[in-house]
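Each structure below is given as structure tokens.
In what follows, chain A forms one complex with chain B and a second complex with chain C.
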Partner chain A sequence: MNITVNRLPDLTWNRLGMNYGVIRDADNLLRQAAGIDTTQEGLEAGVSYRRIGREEAQRILDAAPAQVPEKIVAGKLPIYHAQRFATGLGGDYDAFVAGLGLDTELLEVAAGERPEAPVLWHVDFYDSSCAVTQQIIHVGKNASLTLIMDYSSAPEACGFAGISTKVILEDGARLHLSKVQMLGRGYLHTDDLGASLGAGADLIFNQLELGGEDVYVGAQVEQIGDKSRFTSRLAYLTRKKGSIDITYNAVQRGRKTESDMSFDGVLYDSAKKIWRGTIDFRNGSAGSVGHENENVLMLSEDAENKSMPLILCEEEDVEGQHGSSIGRLADDILFYFGTRGIDERAAEEMMVDARIGTVTREIPDAGVRERIGSFLQRTV
Partner chain B sequence: MAKAKIQEVDRSLYDFKDDESHGFYRMEEGLTADIVGQISDEKHDPDWMREWRLYCLDLYNQMSVPDWGPSIEGLDMDRISSYVRSKSDMKGDWKEVPDEIKNTFEKLGIPQAERESLAGVGAQYDSELVYHNLQEDVAKQGVVYTGFEEAVTGEYSDMVKEYFMKLVPPTDHKFAALHGAVWSGGSFVYVPKGVHVEIPLQSYFRLNAKGAGQFEHTLIIVDEGADLHFIEGCSAPKWNVANLHAGCVELYVKKNARLRYSTIENWSKNMYNLNTKRALVEEGGRMEWVSGSFGSHVSYLYPTTILKGDHSHCEFTGITFAGKGQNLDTGAKMIHIGKDTSSFIDTKSISKSGGISTYRSAVVIEKSAENAKASVSCASLMLDSKSRSDTIPAMTVKTNKADVGHEAKIGRISDEAVFYLMSRGISESEARAMIVSGFANPVSKELPLEYAAEMNNLIRLEMENG
Partner chain C sequence: MAEQLLQVRNLNVSVEDTELLHGVSLDVNAGETHVLMGPNGAGKSTLGYTLMGNPAYHVTGGSIVFDGEDITGLSADKRAQRGMFLSFQTPLEVPGLTLSAFLLSAMRQKTGKPVKIFAFQKELEETMRLLHMDPSFAERDLNVGLSGGEKKKAEILQLLMLRPKFAILDETDSGLDVDAVRTVSAGIEEYQKKRGGALLVITHSTRILEALSVDYTHVLVKGRLVYTGGPELVDDINEHGFERFEAASAAEKKQ
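Right, the complex of A and B next:
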């Protein structure tokens, strides 16, 4: 059995091989996968953590700001996919995780609570594990939270590390979420995010994908409330014969919403990458603004990059913009470094540091930043 | 700021119909081996072409319609006649063309354009060419511009056989296979080595018949160091049933040659425009596409350029204007194979009154395309919230020795710009029309003056205050 993930919201030529990603032999994963213990640090007053069953998890998701059921756009062949609480990897992956029958971890911040210290959420997959973890992050009205989730394993380990995170931000809520993946280089890694934003809610999402062999990352952020904001920074390194398949969808439904997504990546060796980034202005999103930007540094002649930046629009009064740059280091940059005695290899290392550093610096915990530095020294 | 009411375009300029009851031959509707055989009989196809058509029909029957893009559910091939012939054979003098057909082209301004600014003209009415002419001094340079069917059976038959549907194979997609089975009419152009054709050639396609298809084939070969500008125009009256256009354009740009291919597409709003255009560019060659898409109910149109030769180059400049009842899915594809190749795509799209405009593209940099450079710029303008505008660009890069850039923008007419113009005594509707014309300017400035004027006229009509 294969699982289709990261489906493009509006399909294009099949021969390009970019309409969706496929996780092969998922039935094998389903047989082997189990839950995994996670640890949380920094749970202050007003922040609670507990494990809940499937029915309670569903009740919480159903109570989230209403997501309009997806529709078929008149005159267009299939556009959008039906999912009650939409996520980036999509419905098949959601069903796969549900099929495991695992508990959901629920982290809640009570209305009006604004703990200052970040919550650190650590998942260690050790070696050769095949494990899945799912959580709901629920931030109450006018509350805020800083949450750092990191996934690690033994350096040379292989296995399957599956994550499913659903975020509910009530009106006026704010979440600064960082996800840092530092798995061993043999891992199949899946990380799915779905988020529902109320009026004035603010989601800042930093994601670092540094390890693993085959990585599938998806995020769908439903900006339902007026004036909700979504800011994301994703950085990745893909090496050897590794691959990364990324989908980010900012679905702007409320009035005067803002989205700003940036993606920085480095491809080494014979690495392959597919990225799909969508700004989706729905009817009613008047006054909204969306930006996305992608930079890919290809450091090997055997690397392969595929990019798909979509802007979908059914509202007049909006402003959307996309920019991307793909290739090697520009000659003028190399010349600049050369005039200062820095050779091409050193210049490339500096540019890699700069790309990863842009996201690393946004992670508000010195210990995690230090571990990222150690991981990069060890692996790159 | 109060908005001006935007009216639908006045298409009366193009929406006149000729009576089909006298002297027209119309094949029965549907698509069968018998019908395809009848087309071969009509055209006195050589054996290889007769077999080719049946092979393509078989492919067509095996292939599926696309599972992406605009819906074509309203297109029923059992209600389309693949071949309609007027009572005229092809003529080389407008005086010999029957009056009602000549009047059609007079209304469209084709004979006048030929007199004033063209080196040669081909005029197709329904399934057949009715007029074809090339200026004598251009012909003396060895330039060949003839009906495609003449080329298939005449002195260029070997050349046609070598190139026909090699660039767009019938296996490419369902409507390429359909074209291979029922193609009719079209033009063949050959420009010899080193010849620069100083003024453009033009083919104009008019589909008058109700519930019919037009499947013309255009094959252009611009030999080494030669230069040509070819213009394609098309229109049809509006019927209350679906019409189909599934033409095919194959362009060969040889070493250091240059070809500019300009199109103003203004089919009626009952037309399914499923057209395929492709160019192959050899070393140092230069391909330029200028494309304006204004008509059709549904369009799938993505001119493709294969930059095979080292140092070859392509530019695509396009505009799409989707109004009420239109779903126009347009864009371009660039395939970089040679070293030091470069491409530039610059498109504009405008959506209004419930129209759907989709920009779709693919830039592929193959591993062999060292030092390739590709740049894509697309801008969309939404004129109301009943409409839709999507941007779906794909980029595949298989070498790190390449630079690929992309930028896309979507937005509306700025209130500040309208206010600025109004403060200088310009009415709101004029101000909005001026801004839209300015938005389209990168395309219109690439067209010959009279075609730029036609395009601006279409935009002005779209924007006119009710």
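Right, the complex of A and C next:
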């Protein structure tokens, strides 16, 4: 059995092998996958954590800011209908996780609560694990939360590490979410995000994909409420024969919504990467703006890069922008570094650090930042 | 006799198939300050880049000897490690890399040894004070979001921290306000006097030269060094422009 993930919301391009990603031979995963323990630190008053069953989870998702039933537009896959709560990796993956019958972890912030300290959410994957964890992060009206999730394992470990995160931000809510993946080099890793944003809600999402072998990440952010905002920064390193398959969709439905997504990656050796980044201006999104920017540093001739930026507009009064820079370290950078006595190798290392650093520095916990630093030292 | 530092001999330089410099020769002794002037597009930056080893500029003839060693075929980083420096006309922006981290790496690479952090920080602070730079700039991303003037100051900061023997300043004064020119000049003076550094100053104006003692002035026209004189030449050019040198260049070409 294969699991199709990361479908592009529009198939008009129809480039072979780019419209979606495939996790092959997933039967093993289905047979073996189990839940895994997670730990949470920094749960202050107003923030609660508990495990819930499937029905309660569904009730909570159904009560999220409504994902307006939409017309099926010609040429557009009705992928949002396939999922009651849309996620980046999509319906097949969601069904796979649901099929495992695991509990959902629920982290809730009560309306109006704004705890200052971040919640640290840690998942330690043991060697040869085949583990999945799913959670709902629900931030109440005008509440705010900083959450840092990190996934790690022993450096040489392998296995499957699946994450599925659904975020509900009520009107005026704010979530600063960081996900840091520091898995061993043999991991198949999936990380799925679906988010539903109410009016004036603000989602800031930092994602670091630093380890693992084959990585699939997807994020679908439904900006339903007027003036909702979504800011994301993803940075990744892909090495050896590793691969990463990325889909981010900012679905802007409310009036005057804003999205700003940046993607910074480094490809070594014979690494492969596919990225699909869509800014999707829906009916009713007048006055909205969206930006996406992709930078890929190719440190090997054998590395393979595919990029699929997409801006879809059902409204006229919107502004979407895409920027990119893809390739080897530019000659002018090398020369500039050279004039200061820095050779090509050192310049490359510094530029890699710089790319990861732009995301790392946004993670508001010194301990996590330090662990990222030592993970990078160990692996580079 | 003054200690020889840089000897450029009959340098021909091309980009793609166009020759931009034709038979340029230049001698700079340790501690000397040379000014390079010339009309727009004459090839001044080209000469600076070539001396520093920018791979886009091909040396098709002649040689560059620095500190007794032929460096014509060396890469920029090796030249810098031997004591050369180039301050850019338009410095690059590098998001994610702070000025202090960049400098620290550069100093490590240059010396091949670990740098004493405390002493480094102290020197950095002092130098920034000298250049009237806000200390917070050290932890900001390299040149990102800096104004033109601030970028130039950051270049001079690096010049002072890295202590090269020979520095090429490519229009470090252009686009600076009066105060900034004064500050930057003070920084260059510090390099010149206290550190005994040699300079090739590419400029269009005299303001930056007021604070510096100049040994020689060269005029470059259409890729040829057509005239070398003393410091008084700067004022002469300011008054009369490049016309007579352009005429001389045309005559030279005919021969």
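What we mean here is this: the second predicted complex is superposed on the first by the 365 of 380 C-alpha atoms of A that agree within 3 Å, B and C clash if a C-alpha of one lies under 4 Å from a C-alpha of the other, contacts with A are read in each partner's own complex, and residues count from 1 in each chain.
Heads up, the rule we're going with is that contacts are C-beta pairs under 8 Å (C-beta built on N, C-alpha and C of every residue); 3 or more make two chains touch, one makes a residue touch a chain.
On a predicted model such as this, the values are computed, not experimentally measured, just so you know.
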Per the contact definition in the header, classify A:333: touching chain B only (first), chain C only (second), both, or neither. second
Please indicate which partner A:341 is in contact with in the superposed arrangement: first for chain B, second for chain C, both, or neither. second
With both complexes overlaid on chain A, does A:323 touch chain B (first), chain C (second), both or neither? first
Which superposed partner A:314 touches (first chain B, second chain C, both, neither): first
Considering only the touch criterion stated at the top, classify A:18 as touching first (chain B), second (chain C), both, or neither. first
As a test of reading the superposition: which chain, chain B or chain C, is in touch with more residues of chain A? B
Which residues form the common part of the chain A surface touched by chain B and by chain C? none
Spell out the part of chain B that touches chain A in their complex, as residue ranges. 66-71, 298, 327, 356, 358, 360, 362, 367, 380, 382-385, 387-412
Name, in rising order, each residue of chain C that touches chain A in their complex. 49, 52-56, 75-81, 84-86, 88, 91-92, 94-97, 101-102, 105-106, 109-110, 158, 162
What does chain A use to touch chain B in their complex? 10-14, 16, 18-19, 73, 75-78, 267, 281, 283, 286, 296, 298-301, 303-328, 330
Contacts from chain A onto chain C in the complex sit at residues 331-344, 346, 350-351, 353-358
